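Right, I'll just put the structure down here and ask away after.
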Amino acid sequence: MNAVTESHVPGVERAFPIGGPILQLDAISLRFGGVHALTNISFDIREHEVRAIIGPNGAGKSSMLNVIGGLYTPQEGTIRFRGETLSNMTPGKAARMGIARTFQNIALFKRMTVLENIMAGRRLFTHASFLEVALQLPRARREELESREKAEEIIEFLEIQQIRKTQVSRLPYGLQKRVELGRALAAEPQILLLDEPMAGMNVEEKQDMCRFILDVNDHYGTTMVLIEHDMGVVMDISDRVVVLDYGKKIGDGPPDEVRNNKDVIDAYLGVAH
Amino acid sequence: MYYRQAGTYRTDYAQDMRLLPLKEDRILLGVVLLAAFAVIPFTASDYWLSAILIPWLCLSLVALGQNILMGYAGQLSLGAAGFMAAGAFACWNFMHRVDWMPFPVAVFLSGLIAAAIGIVFGLPSLRVRGLYLAVATLASQFFIVWVIDKFGWFKDYDSSGIITAKDIVIFGKSFTSPAEMYLVVLTITVVLTWAAMNMARGSVGRNWQAVRDMDVAAEVMGLSLLRTKLQAFAISSFYCGVGGALFAFTYLKSVEPAAFDINLSFRVLFMVLIGGLGTIIGSFYGAGFILLLPVFLNIFFHALFGKAVDATITSALEQVIFGVMIILFMIYEPLGLAKLWQNFQERMRRWPFKF
Amino acid sequence: MNPEILFFFEVLLGGLLAGVMYSLVALGFVLIYKASSVFNFAQGAMVFFAVLSFVGFMELGLPFFLALLVTVGLMVLVGMATERFVLRPLVNQHEDTLLMATIGLAFVLEGLAQLVWGVEVRRLDLGIPDVPIMWIADATGIFVSALDLVAGLVAAVMVAVLAIVFSRTKVGLGLRAVADGHGAAMSIGIPLSQVWVFVWATAGIVALVAGMLWGARAGVQFALVGLALKALPVLIIGGFTSVPGVIVAGLIVGASEKLAEVYIGPYFGGGIEGWAPYMLAVLFLMFRPEGLFGERIIRRV
Amino acid sequence: MAAEGAGGETFAQLLIGQADRRGDASAIREKRRGIWGNVTFAALSEEAAALSLALAGRGLVRGDRIAVIGENRPRLFAAIAATHALGGVAVPLYPDCGATELAGQLRATDARAIFAEDQEQVDKVLEILPDCPGVQLVIYDDDRGMRHYVHPGLVDHAHLMAEGHEIAAAQPDAYRAAVAAGGGEDEAFVFFTSGSSGAPRGVIFTHRALIGRTRAAAAAQGLGETDTTLAFFPPGWLCQTMVSYMSAMAVGLCICCPESLETLIDDMRETAPSALLTTPRMLDAIFSRISTRMEETGGVNLVLYRRALALAQRVGRQMTEGQAPGAVNRFGMAAYGALIYAPLRDFLGMSRLKSACSTGDTLDPAMQGFFQTLGIGLGQLYGSTETAFFVAMQRPGDTRPGPLGAPLEDMEVRIAEDGEILVRSDGVMKGYLDGTTARDAEGWLHTGDAGRLDEAGRLHMIDRMDALGRLADGTPFAARQIESRIRFSPFIREVVVTGEGRDRLCALIDIDTLAVGRWADDHAIAYMGHVDLASQEAVHDLVAGIVAGVNADLARDPALAPLQIARFALVPEELGTENGFLTPTGKVRRQAVTDRFAALIEALHAGRDEVVIEAATGEEGHRGEIALKLRAPGGTGGPGDRRAA
Amino acid sequence: MRRLIQRAASAVLVTAALAASPIAPGIAQAQEQYMAVPSSRVGPYSAMGTGYYGGIIDYMTYVNKTGGVNGVQLTWAECETEYNAARTVECYQRLLSGPNGQKMVVFDTLGTPGAYAVINRMAEDEVVLAQFGYGRTDAADGRVWPWVFNAAGHYWSQIAVKMNFMAQVEGGVENMRGKKIVHLHIDSAYGREPLPAMRQIAEDWGVTLVEISIPPPGLEQKSQWLQIRRERPDWVTFWGAGSGMNATGMTEAARVGFPRDRMMYVTFGGAEEDMVPAGDAAVGTYVVANVVPGKDFPLVQQIEEVVYGAGEGNLANPERVGTVYWNRGVAAAVMWIEALKNAQAIHGKAGQPVTGPEFRDGYEALDMTAEKLAELGMSGMIAPFKLSCEKHDGSGRFKIMQWNGEAFDIISDDFVAAPDESFIRGLVEASAEKFAADNGLSVRDCP
């Protein structure tokens, strides 16, 4: 009827349409001593898309993510961010470029509360020096309030209001994963790397996490790169999928295409299930 | 029971994030501060002021420094006494060499000197952690004391090597009676504790704790481990330096390197562990426990046995009991005295419930 | 030979022999750290407690070997008591808590020792002369004390015995399993508490041996507690978990601190021995943060 | 006091009145993102203005029915206010009602628009939209997860507001003009009955009726502009909306909205409302929470607590008997006041309570007594959706257990020959959606409840007329009275007593999994889930003790002495809203339960010791045959008898 | 058991009372004089502390049992300092007023760091700091330090005496030229304390002085002794602290073959507790004594009889009667009591307790003549001396002893003096005057 809202362009189903490549990985190779973790891998990540990296255990998924996040420096290959070639990536640089991440084994700040963890994620938006903080000068107070507001927004978004002041180590696994997502969101990232966000979760928790991932993408337009071991879940939520096996890329494309890729079926689906 | 929380709600974050969000806590603090500033100086005996309260406040500051480094930033350090010595000698030199310098200024500058030294000795923290770091910091402890001891300049070539602390003079007014010195120490302690609380609960404290709990994640968030750790070392050393200067000037009244030996470093470590890692108030409790328990045990045993039992035996017994208390403490409340207090507060808030 | 070179060797040898003595103390730390990840702050107190008890029993009229036996028994008891009253209630607690508990234990042991045996300084005569062995001195011009040699020998024997115990006995296997993780130890059917008792008792016996050698030289007295501090840089360089590591590190620390004191010390008015080993340890850590033989720390994400 | 809010015939006019007179006062406080936000009357009025203009702009007109579905939120109230400003009729629906039911209600009311709170509600609405051609507009409040929804007719609240502001700028007087056009006889609300007996029915109210009822209710409770309340029951329940939206408009109360139901206890403590609407079920939950936590606490605290309760009861008894308590008792009350009563009131957030009324079901006298010992005056309220609830109530200060209190001023109450309560007032419903009015020729509205009026003019309710049962020998019994007594135990969540036409009474009991689970933990009884717990011998013993205690109580009351629970069974499924056994307000749907467990009831009355029925066997929803034990209550008292003694 | 509980209960009360209000308002009993005993009985210096304070307490017990000080009975309170400056300050403040309400008149820390920590407040509180052979050397100048006394010799005269003895052994001062002395010392202010005098004398005599320091705790001295072996000195003066370091000094000397009879130990390293642990390695080591050990003195024998005979001795091991530290403690206590007697006499308070300033007057009037010493039963135990307003230190003369493996042989018949006593005094006065000038203190005029 008449009430098509102007906020949604008819015919386009996304609030943030998929754009051009934001991150391009070109011929990346990574070795640990003699072990080839990644061999000559190239793919790109487009703005606002949900990009999944899948593959069996030991396929090099986490290494790939660590290369993007600057924790590992590949021996060969280049990474381009918005067309600009990056050399010598460090975690700090990655963070400043707008890359945030979660970890496979939850890496929360265990003795801090949920709220503090998320506020800690605001690192890049706090500029007050320790002296300003110690003396409660205006900038420190203002930033603290801003951090809190943003953190509360995320807390509401992730529906974790009732645990806001709970120490994270006391939370069940699934909630910790959610808090970690919240901490990454607090950095207002352009690209969010999720390392097995659904590992170790039950069906219900997985559904919740899928919903949050999609909501983040929908609400903030964040580009998502996620690693998942379980193929089924990923296929539903990702726009494009990269398949790795033994450090090599064996498939790349939309889920349906990848699902029917023979190499993928042989190397991955046949093995893992 | 004490707390009445019904009907206290917050309508903005500033209310929720203030130092003491609970009205009852603010009243309690007000009462404590009022007593500390307005009642104790006029009612407490000289013994209490100069032998209990002053050293307790000084060592609380040091423990606070140690706690910032160890409890908040997670960097195990054993150099507190070294930084105290640096602060004490720096303060003496400022006072000695610059006539007009008011005591608080000298103390502040001494803290800065200690902080600078702390940064240097904090450098190993980038490579090592845990016990390894603790032992590495022991080097600073020994080295600082050795340098001060060895080079006469620090003592202005005093023949005895033990120098007498100067009288505390602030803009012409001298603070020499126990009550006056107590007020000086108290004021500095209160101000620095307030600052520490602000840091601990603010972004600075979160950064420290992030490095402590999960450094990789902290780095990925864009936190520089180098800066954060060195900042913690510097601030921690500042507190130790200030505490050391006050300790020498208001309690020992003499400045000698041997007073800042490794045992003192260990005692500061105990204070933090007993008081509660990662809590500001715990530093005060811990300092009180480690400093005062032996004193009270000593008084108690002398009162109990009088001269009937060999004093050597009672002294040894004191040590045993002190040790047993520490063990029991660790078994029943490993998170320290601050946790006990927190539990008590929680219980008061939930009274008549326990949980 | 050139007297300067001869002197150098003498300093070096003296340092190495002193290092062995450090290693003996450090060995106790390693045993306990290996089995329970506890940094045993009470190791120095155990040295004091053990050797003071030994001398005390001798004073009561027990012959040397009987006194030794009784003291070994006492140290086993201490190990059992420690396991029962300190470690067991604190199982699964944070390392800092355990460290703090051993500090409490140190106070208890120091206090008990002084309570039972008094505070007097005692002499311990092992019957080994602590004077230069003349034929070596005559032949080489280097003075080596018999006690030093015995200490070196004892240290070697102890390391060998411990190595055999670890690799050949069931408890030793258990210990190694414990070092790999508590779960693993359970799975091979050795109760953790037994392993701990064993390790603490062994550390107590090592403390007794170290205390006897040190006590023979400096007297049996409270100052022995301070030996623990000397052991720390050794531990750092050797790594907290390696028995051979502490021996090698002890030698390194001993030799380097003596050389530093003799050759560098005079420029600063001496006394640098106090911190030189620590500085060495710090420098060492900069290049090998896990110590000489420690397990490599791998950063996992 | 209520008169202060006068100055309008419709809720919309009242809002403008409030906004003009005290625009800066808080109308609504909502806990969101950790802090309590504030919506003033002026802001609410402005939002209502913009929304109503936008609605009008989208083609909605006076008299249209507009549904709202969601929790108590400022925007929900704004939606109602906008509806009223437009001259429309607000239809608050229960947020947890199923899609089919929702479709039925939308069709029955012929709603033209619906305000849906969030994605969950929108999904439900969009699903049934094809079946409800009348609905032209779906407005959602929370845009979370909805950015990619493309549907004609879907609009987000913020967007609608923007439209409204544009229109308001162009036509500054449109809002006030529209509001002024309304009159007291206009329809204001359609509410659906909770359906504890039969399907929910839509009930129509005029502005005049509800404004009058609201003011009368406030006057009876002594509430005014300075008071606050916490709204946590679904807005679809008339009583809740009366105590929230209507009270805010007509009396000027401030409504507090909790952050979520999980944080309700904390939110309650934070707000410490001065007026509170509760149900016996909720009081039961609070009570069982207090007792289990007290038990867990143990030690001196428990001893003090028990003594404090005992003393308060003793003193209470003395007072009812007209004796003044002695100095010792007075001192004791003061001491326990500081130690137990006041901290507990504080803990519950009830320390500022002026008026708390309980409705929706029969309140057990012991339960009411318990809260009174804590110094919380809990009044019973009688009424139904049709009568706008406030028919008779215990006024603050006269809250003795037993009667429901005297009728309100504007309410005529009469007991019919057959014992049915009849009421007559301007403040009751206009009629049902189907056009019936349930009134007789003289205008008396038949409530369907059985009751009596005592000498002092206080109303006593016995039960629903149709729930009033008779045993085979003709002994009448009111199942609800007995049920509420059994339900008083913290271990028991729900109970259904049967006996119509039988020789004796039997009970189906649903245990409180949490409380019994904790009890089981304490007694080292291993169990897995509700089903397993309900099959444990020890749990049966526990319940048997409780039932025996109730039997003993009943025996002491001459009027009820013949009524004894002969046998009982523990139901293998938790009775919940989601499986249809409870109404959204938490009342048990008797029919649903007796239908579902017909075999069980048969077996109970037949005196068998075991029966096999089909039920969910585990938490995962597998179904299978379960053998249930049927038990007779044990001797008097028992381990689980926690009646404050 | 019940009694123990009662005592425990009362002890709790006392502790609480002290904690609540340390100024006990008790009325001073006319016939009591309160004394403070800041003992150190645990830790590395426990052997020293138990002996020294044991001697002090034993002598006070002896005085009480033999009629008190003109009828005034002594009472005392003890406090454990653990030989730690910080705790010493606490003990000082705690002991400042006694349980009977009397104020402390004298305080003896048996340690330089502790003495420094309390030295200033004692002047304010008007309490005598009785250093006995330790502490601040230039405090021997009573014009600058009116409240500090050192009734035994200080470190400067001690080193002078040692060097004088070396000269005697070498056959005269002239033979000292070209000799080499190593001053082996703990690396602390105390270890370096004798250096100003020592350097001066060495320069005057043409002696080469080599200073080598040992970092505490000094259980390892290999590198120092290797250096000594390389230096091949004629004499070693050893300035250690704690019997561990002291004993190690001798065993290490044995290991490098340095003759023990060319080593001279400081007064705080020259006790049985230091010698015994070193065993045979100790034989031949020289020690100087400000108070001569042994039981040959009538006073020692009387204490043993009166106090230990009654089972009231303070030493856990009665065999330690007559040892170096115990005898030194007795002598220190004798000074207190003699000063007390003087104070009573000067201020006409015979049979009454005295105050701090009165006590100080009594101290300044100490005149320990040979006759007086004989009367006290301690002839030959200490050298006679006389204090005055400006002179606050004792004789400055020491006896030389040598360890024979079992006990000390007194090898100097008489007390040895410094080669030039006025020179040492000059050093003291110069240092004190510099201190006074640096710190703006007024220099007292002495009559």
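A, B, C, D and E label the chains in the order they appear, each numbered from 1.
Here is the rule we go by: a contact is a pair of C-beta atoms (placed from the backbone, for glycine too) under 8 Å apart; a residue touches a chain by one contact, two chains touch by 3 or more.
Protein names from UniProt, one per chain: A = Amino acid/amide ABC transporter ATP-binding protein 1 (HAAT family); B = Amino acid/amide ABC transporter membrane protein 2 (HAAT family); C = Amino acid/amide ABC transporter membrane protein 1 (HAAT family); D = Long-chain acyl-CoA synthetase.
Remember, it's a predicted structure, so these values are computed and weren't measured experimentally.
**Q** What are the mutual neighbours of chain D and chain E in this structure?
**A** Expected: B.
**Q** Using the touch definition from the top, what's the fewest steps needed to get from chain B to chain E?
**A** Each step joins two touching chains, and the minimum needed here is 1.
**Q** From chain A, what is the lowest number of touch steps before chain D is reached?
**A** Each step joins two touching chains, and the minimum needed here is 1.
**Q** By C-alpha centroids, what is the most central chain here?
**A** Taking the mean of C-alpha atoms per chain, the most central one is B.
**Q** Calculate how many whole Å lie between the centre of chain A and the centre of chain B, each centre taken as the average of the chain's C-alpha atoms.
**A** 42
**Q** Could you tell me the distance, in whole angstrom, between the mean C-alpha positions of chain C and chain D?
**A** Computed from C-alpha means, the inter-chain centre distance equals 73 Å.
**Q** Roughly how many whole angstrom separate the Cα centroids of chain C and chain E?
**A** Distance between chain centres: 36 Å.
**Q** Report the inter-chain centroid distance for chain B and chain D in whole angstrom, where each centroid is the mean of the CA atoms.
**A** Each chain's C-alpha centroid was found; their separation is 56 Å.
**Q** Would you pick out the residues of chain D that each touch at least 2 other chains?
**A** 34-35
**Q** Could you check chain E for residues that touch two or more other chains and list them?
**A** 41-42, 46, 50, 187, 215-216, 316
**Q** For chain C, what residues touch not just one other chain but two or more?
**A** In chain C, the residues touching two or more other chains are 110-111, 114, 118-119, 269, 271-272, 274-275, 301.
**Q** For the complex, which residues does chain A have touching chain D?
**A** 1-8, 10-11, 13-16, 115, 149, 152-153, 155-157, 161-162, 164, 211, 214-215, 218-219
**Q** Spell out the residues on chain B that touch chain E in their complex, using ranges where they run on.
**A** Answer in residue numbers: 45-48, 50-52, 55, 146, 149-150, 159-162, 164-165, 247, 251-254, 256-259, 261, 263-264, 294-296, 298-305, 310-313, 315-316, 318-319.
**Q** Help me check something: in the complex, which residues belonging to chain C touch chain B?
**A** Listed in rising order, the residues of chain C that touch chain B are 39, 85-86, 89-90, 93-101, 103-112, 114-115, 118-119, 229, 232-233, 235-236, 240, 268-269, 271-272, 274-275, 278-279, 281-282, 285-286, 289, 291, 299, 301.
**Q** Using the touch definition up top, name the residues of chain B that touch chain A in the complex.
**A** Going by the criterion above, the answer is residues 13-14, 16-17, 195-196, 198-199, 202-204, 206-207, 209-210, 212-214, 216-224, 231, 235, 278.
**Q** For the complex, give me every residue of chain B touching chain D.
**A** Answer in residue numbers: 1, 3-13, 15-16, 350-355.
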